[in-house]
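Report on the structure given below.
Chains: A, B, C and D, in written order; residue numbering restarts at 1 for each.
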Amino acid sequence: MTTRISREELAQRIAADIAEGSYVNLGIGAPTLVANFLPEDQEIILHTENGLLGMGRAPGAANVDPDLINAGKQAVTALPGAAYFHHADSFGMMRGGHLDVCVLGAFQVSESGDLANWSTGAPGAIPAVGGAMDLAIGAKAVYVMTDLLTKTGESKLVAECTYPLTGVGCVTRVYTDHAVFDVTTDGFVVREAFGANTVQSLAALTGLELRDASGAAPALSRSRRDAESEEEN
Amino acid sequence: MTTRISREELAQRIAADIAEGSYVNLGIGAPTLVANFLPEDQEIILHTENGLLGMGRAPGAANVDPDLINAGKQAVTALPGAAYFHHADSFGMMRGGHLDVCVLGAFQVSESGDLANWSTGAPGAIPAVGGAMDLAIGAKAVYVMTDLLTKTGESKLVAECTYPLTGVGCVTRVYTDHAVFDVTTDGFVVREAFGANTVQSLAALTGLELRDASGAAPALSRSRRDAESEEEN
Amino acid sequence: MDVRIANTKGRAVIDKTVTDAESAVAGIPDGATVMIGGFGRAGQPIELIDALIAQGAGDLTIVNNNAGNGDTGLAALLAAKRVRRIICSFPRQHDSWVFDGLYRAGEIELEIVPQGNLAERIRAAGAGIGAFFSPTGVGTELAADKEQRRIDGRDYVLEYPINADFALVSALQADRWGNLVYRMTARNFGPIMASAATTTIVQVDKVVPLGELDPETVVTPGIFVDRVVEVGERVWLDDGAFVGGVDLEGRRIEPAAAGTNGGGL
Amino acid sequence: MDVRIANTKGRAVIDKTVTDAESAVAGIPDGATVMIGGFGRAGQPIELIDALIAQGAGDLTIVNNNAGNGDTGLAALLAAKRVRRIICSFPRQHDSWVFDGLYRAGEIELEIVPQGNLAERIRAAGAGIGAFFSPTGVGTELAADKEQRRIDGRDYVLEYPINADFALVSALQADRWGNLVYRMTARNFGPIMASAATTTIVQVDKVVPLGELDPETVVTPGIFVDRVVEVGERVWLDDGAFVGGVDLEGRRIEPAAAGTNGGGL
């Protein structure tokens, strides 16, 4: 049994959690994939922060309209029932808590729901934040879509973010290629583990204390257990 | 020679000071009369704070449209080139300093340009402010249109307002039935005296130290002279 | 999401329309804060207010620019003694006798807010702004207890958002997603109130098919709207065209009384 | 009022139109703060920027969501070394090589502002708000030096308005009073920037006769606009109708390259 699902499967998994009738903003990058898996037989209304509610799919090459783009500056279409508005109104919509869900990428998410997704803080990097901080604090539910581990094997779920923060205590749920985690006042709760993953194996991968959704006793990672044993000495 | 001009003459006098191309808000009551004297051969654009730029004259009785009213809740028309907007945008327009002129009524105006025009502070009166405070601080030039004296003969130009304030240091110029006064850092300057009025006679009527527009020595009212003499003793 | 999902041809669609004003105002509880659109009579959601009176909720806090005109609409709600407190800019009008009587009898609380601060505070609630510094009211008794600050040489007072549990708004047309267009100066407080309430209830002359409203001209996007009820055309319109024949209160007048002076546009 | 009065049939009329882009950008001095509309390429006033480059003003502070794309428009202004400082939310893009080079060479100052705070600060300038508390950026390094306050259980940072001396905006149509309508997501920053600058300069595809724009659908009322120049129709439009045939950068593509997949709306 595998321990990872594909990015497309993850997008599909997220799409399944979005209720019909929701107003949704899908962040730039991987979250955009979620749109491909929203059910055709339902109406879910997509917001793009550059000024459109009711965003449709990408047009064919012959129908690209440079005046009609999404936040990622890609060509899109507008559905019947769409509305255009300016940037202050668009971000008012977001900041005012009118969106039901936004889906964002992440470098790190902390146990208390802090999000880091805009800057690695690397020296020489050109900073660019766009709407990330507004999205992070704006929607009723903030879903993160990410691989659990970095390319070098480090957990993106962390006790505390070491990268520059995008928002404090803002993440509702983290969808990873290994499992789905809810952010709770008790830290991460494993809502759903994919394939062979278990709460224990996930605790080992993340180095975090994890609970399962049933409320059972937390699984401790080895490192955390060791640290706590040492503290007791 | 008379010492007072009529309300219509005063409205005409104010209209003559409004430059072509100006954006203007005329307050409820007497200031509304100014519209009747704006030159037909020029374009001056009227704003009404309930959400219209490009307001036209009152319609005939057969064409009254309850959806098209001014701030005084009277039927109006909209000119070609008009635009409608909601209240936050309308008052943003005002507060943001985009109007060239507004014309307001007054109970009192002080030497430092304080305006009192929304409440007499009488016990039992029902307070109602509407857009008065927003207008007072919003336009580039705030003109007051008023009789110089109350019905009981007291000056509406005062050293300090005794009625509740609408705005502090906001009045640019006061057009009265006796004279036109500019508000300056040195107090009221008589810009234009109507008929037999002189700086001296106006100082006597108002009880204030007044300068004329030429910058000559101030004219003192009798009471002010007496007070200053007494102080010297 | 307070949104009804209807099944149309095997497809779940968002349908915010309800069949009548009674359904539209269902669930407004005693003690609620209710924003009511309109400037004087223009844009006042009369049918929704009548339904609210019939529904019976009381002890309400009302946010409106005024405090009722004549004996209908908001004035009727006040007369029915359903309102504990009103937040407005201009209660005193020539036809505000209902409010005037209640106020003098000490039967209603009044909070006066300058009109532009009222509008901006409502917008702030909708746009997630925690508070803002306004130059309006500085040095007046309406700002006496407010935090004041000098910024860049100008004085400002700190103003807080006004939220509501419900907003009752009148617009010209809506589609089933709740997108709205208004008519002339009846637009006034509708768009900002729609954004500032937990549940926004709208009456329109007409519900049009989805896609019929031009996306460029939608004034209130449907995201701000929860329920829409069609109440039929205003009496001074005929199939969307202005036909007049009414006085300022929207009452039909005899052609003779209107005279022959066409005037106007 | 920076407004030209023209005499038409013995009548003085407001006419904000100017004959060419050169006249439109006249008088922008060295050291000015200039807002430039657009989100990426959409709504970027290319012709006005080209005229500004030709005009020669330097040492500019630019306010834009981005920091230029490719080698045209804002990127060309940067490449000409006319910009001392840029205030934006998202400079780094796949095609922002001009900015990237200047930044790494230490030849341009950068102030990063979260996009929604950027928009709201521009709006605040236009609406006379002295400052406002925003929840965006709380606890991040972009708010590190900012005043923070807890209001009603939520943390906010205090944000100040962004004003400009000039705004360069692209819209679809204007009339001689400066009323504007936009097209689709090219609207983006235009309406708020128009309100926040001392002098607002607009390029449009077409100037239409006064009265042709529906007062219900005007997005930017003329009060915010000082100069209007008609620059001709965008290449993907024909008499106002979308005809396509371009890539995202607005360059004509061969019908063959576009293929047969009509897709779209």
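As a working rule, a residue touches a chain if its C-beta (ideal position, glycine included) is under 8 Å from a C-beta of that chain, and two chains touch if they have at least 3 such contacts.
A quick note: this is a predicted structure, and the numbers were derived from the prediction, not measured.
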Smallest number of contact steps required from chain A to reach chain B: 2
Chain A and chain D: spacing of chain centres that average the CA atoms, whole Å: 31
Chain A and chain C: spacing of chain centres that average the CA atoms, whole Å: 37
Chain D residues counted as touching two or more neighbouring chains: 120, 123, 127-129, 134-135, 182-184, 215-216
Chain B, residues touching no fewer than two other chains: 52, 78, 84-85, 88, 91-92, 94-95, 138
Chain contact topology (line, ring, star, complete or other): other
Chain pairs that touch, as defined at the top of this document: A-C, A-D, B-C, B-D, C-D
Interface residues, chain A side, partner chain D - complex: 48-52, 56-70, 73-75, 77-78, 84-88, 90-92, 94-95, 114, 124, 126-134, 137-138, 164-168
Residue ranges of chain C touching chain A (in the complex, touch as defined): 1, 3, 5, 10-14, 123, 125-129, 175-177, 179, 195, 210-211, 213, 215-216, 218, 221-224
Complex contacts: residues of chain A adjacent to chain C: 19-23, 41-43, 45, 47, 52-54, 78, 80-85, 88, 91-100, 138
Contact set on chain C toward chain B in their complex: 39-43, 65, 89-93, 99-100, 103-104, 110, 112-120, 122-123, 134-142, 155, 182-192, 219, 234, 236, 242, 244-250, 253, 255, 257-265
Touch list for chain C against partner chain D, complex: 120, 124, 127-135, 149, 151-152, 154, 156, 160, 181-184, 214-217
